[in-house]
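The data blocks that follow each hold one structure.
Paired with subunit B in one complex and with subunit C in the other, subunit A is shared by the two complexes that follow.
Here is the complex of A and B:
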């Protein structure tokens, strides 16, 4: 009855690892060594899927029923298994403890902002994009960054994450937050010191 | 007629409980009874029910309850006899009555004290009516006889206070007791209401005061007061014959039980006679008719105070004193016994020790049953040879059932008395023996477990013959049941279990699970062996539920769970909870765990590699 575990490709073109076809993978293990191993695999799976789909937010509600963006990894119809919300909750806790996610909004634990790229990486991407598109030294609103007319690596970036990235640039003197009429803006510098 | 002399007519239509005195109890009833007056059948009392109370015997005629029922004071009965019956003859109880008893003459103006409530002259306690004659004669609170002080104070009862209004008419007790002093009443046709002199209300003849205005009623002419009082109670017709037909020296009546029930009734009757409830509290019998309400000493009575007769506050104090003294005496007596026992206890312990030694020497190594008398403890000077033989025995036969029956009995008796000398001093050689004792216990336990225990009358297969793993509690219970006497406490049992592997083949060990469950098991059930077996099973099958594994191992599910959890804790296997199924619960029970090998320890990621 044992199915040979094989990788599988989802409709969205994501290659699932073979462990995703093992039923025990969907059960929280009481043995700490086993569980930490499983959690590592889960985190890797979640982050790579998030990167694949450009997903930034993971909620416990995503495990509660079909229809969420995460169905392809939180459920496996082939082996009739799904991740229970309680298990997802503990996985999220591990993500946060490994600084691969932050609670967003803060002071709750049911929803996280996934950091499949660290803020530093996003800061670099922002700077590279601004330099490449010739927008250094001009004031950019947050909206212009996250929803540019020409798709960029930053398209769809959540504002909290963008703010973290700008904070990183500010600390190294390559950006400055400026208040503008309809919210906030940022001016990016070349930063060559 | 004897009945006429002793029996007091009552109205049988009144339920018996209503006829009783306040301190009288109904003990038993039996119907289908006939009465013999002397040796002849009493014509008017052939079918009826008899009731025995603590004070009296009642006969209620079932056909004419009004006219042919009577009560008989148990005080008159001096002897009883029982006849079991033969063929057509019914069982009978013969009551021999006191020949010296003289019924109070009808002319005596005896008004019963128990009819009314009265206030004690000494303590002002209001004594309620309705008590038995003996109890009613003295104050319930201070014990002062009523008449002694009230004689001068109450010239006549019939003119006494209005508080007595109506009390006699409404009280069946009063009626039945009143009748004792009445002459045979006139026929019931003479009953007529009495007109009040003040308001002309026609009062019931029983009343002494007018029901409306409380005016004392006049005595109906030709109808003495006492007659009208007892008028509702119908009476047998006036006596026509004197009692010279029967032997006055030996008056007796018989109860013939025509519908059975004789035996139990007789038993109860005898008990009632023995109890002598009618004597009341510390009142000598026979003084019942000693006083009338007028305080006149009647010829039959005697007012001589007994030694206990006291009055007033002095009497109260003295009775309290006496009872306190009695209690003290009883207590000191009881403690004296206890002290004597304590003095003897030391001797008893010595005796028990000696007995144990002898038992041990004669029958069997004492190590099995008693820590207090190991062989080395026996003085070698006196019983060296027997001690030697006993220790030899100890190594060969350790089974309690091989003990002689008597020795076993004595031993268990000693154990029950708590004389096992468990507080014997612990010395170096004691500890030495402690160790050998444990060894012997382990050896015996091994026999119980593995069936090499062949000294018993029947060869037992051993608890673990069929099973490789068994709960410690089951072993303990089974072992103690096999021993029968000198049971092993759990602490000793746990110590003995440590020695078990040396005496068992294959070695049996104790395993303590995470939950605290302790099991004895053969090597096949060690953690390593089970883990290996489980891994191979799971490799073949791919995954198994707990119950499937339990079935395969022939163990209980809870035990299987314990063992699997231990393997899981090693990381060898991992669980698949069917709760996380998308549809249904797989095997039907949504929460069953399925186990699979943990093959992911060295898992190579074969999914999307990070961009």
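Here is the complex of A and C:
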């Protein structure tokens, strides 16, 4: 078997690193030092792919069969290898332990919310967007933030992550959660910063 | 062209040195020997006088001997000075070529080796390279870059890197403008790393392939064989290859592979191999294109 391990661009335009063409990369390694190297590569890959496709949720089911949003990285058809659900499960545990993901919903371990941006960064993005679009001091529903008529950096943001971002702003006095007719809303202030 | 001109020059330095050795010998060291001869003829005398004569002749011999050695040392010193002047003149006038042109550099190294001078050894730190060429830094720099590549790829290859790959990565690290680096340069530099006791060592895995080991780990014969097979297979080794090609038993093959995987971290496991279920991959033998 003569093969070159080359980087490869997926149909969605994502550049896979050359290690993704190495068959053993899809096997959980019994040697701890090797596994920690592989886990680092996988975590970087998962987060950068999530950012590339604006994916927020990763589930163990995503490794169970073809057809998931994650096929481009969890499978490599060129070498006929895939990440098995048990391996994805341990990668998810590493993501959570490094605070790069949180179990969502809580109290289960089969699905995570990915933090390819930390809540603090989402908070800044939210504040910048509200300021630029002249929506400070008005009440915004969560829906108006995550599904604005003009696409924004916050389009598609999952509510649990939005809530974390708003909490960050609340702590610095730049936001206030307000009950509205059909659920919750938020009022953003210019604040000191 | 350059190499030819260079070899011609090397020859002329050599012949010059040989000639000067001969002439100096006949003039300097022969004369004092003749002056001190008289006492030598009457060693066979008798009585007290003979005893004193013997004493005296012994003293003269001692004087002669020390004069002789002094003359020889002086002579050697002169020779060395002349040699160094010649080498320095040569090195200085060809300095740029030595730094820039690997072929020329190796011809120079070969010349130094043939006359028994190690360009890296010398009176000062950095040796002749440093003294004559300002190349001490160059060798140090290369050494540092080799260590850099070995250390930064260690977690991925378990401390074993193919020589060609190492040369390529060092070259990449240096950028284009600092000139071409060859395998010989790297081998030379690894030799200079040896006294540091960091365990840098060249391993010949057969088939013209060499690997550089940067961890203090003894490789046993079985591991050497596995590395050689891995090189031939683009990194992948399975039990069957070792059984069929090397006549190993399955037990021996499995034990050696598992040792390499678990004990030494020198290979990776692929549990989805189509034909064997379990394949071992030696990352230092895999062809990476990054």
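Here, the second predicted complex is superposed on the first by the 191 of 193 C-alpha atoms of A that agree within 3 Å, B and C clash if a C-alpha of one lies under 4 Å from a C-alpha of the other, contacts with A are read in each partner's own complex, and residues count from 1 in each chain.
FYI, a residue touches a chain if its C-beta (ideal position, glycine included) is under 8 Å from a C-beta of that chain, and two chains touch if they have at least 3 such contacts.
Because the structure is predicted, anything quoted here is derived from the model rather than measured.
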item	value
Subunit C versus subunit B on the shared subunit A, clash or fit after superposition	clash
Partner chain(s) touched by A:7 [first = subunit B, second = subunit C, both, neither]	both
Partner chain in contact with A:26 - subunit B first, subunit C second, else both or neither	both
Subunit C versus subunit B, contacts on subunit A by residue	B
First, second, both or neither for A:170, with subunit B first and subunit C second	neither
First (subunit B), second (subunit C), both or neither touched by A:135	neither
First (subunit B), second (subunit C), both or neither touched by A:111	neither
Partner chain in contact with A:146 - subunit B first, subunit C second, else both or neither	neither
Touched partner set for A:90, first subunit B, second subunit C, both or neither	neither
Common interface positions of subunit A, toward subunit B and toward subunit C	1-2, 7, 17-18, 22-27, 29-31, 33-34, 37, 80-82
Of subunit B, residues touching subunit A in the complex	541-543, 568-571, 574-577, 579-584, 586, 594, 596, 598-601, 603, 605-611
For the subunit A and subunit B complex, residues of the former touching the latter	1-2, 7, 14-20, 22-31, 33-34, 37-38, 41, 44-45, 47-49, 51-52, 75, 77, 80-84, 87
Subunit A to subunit C touching residues, read off their complex	1-7, 17-18, 22-27, 29-31, 33-34, 37, 80-82
Residues of subunit C that touch subunit A when the two form their complex	155-156, 233-234, 236, 261-262, 265, 268-274, 279, 281, 283, 286-290
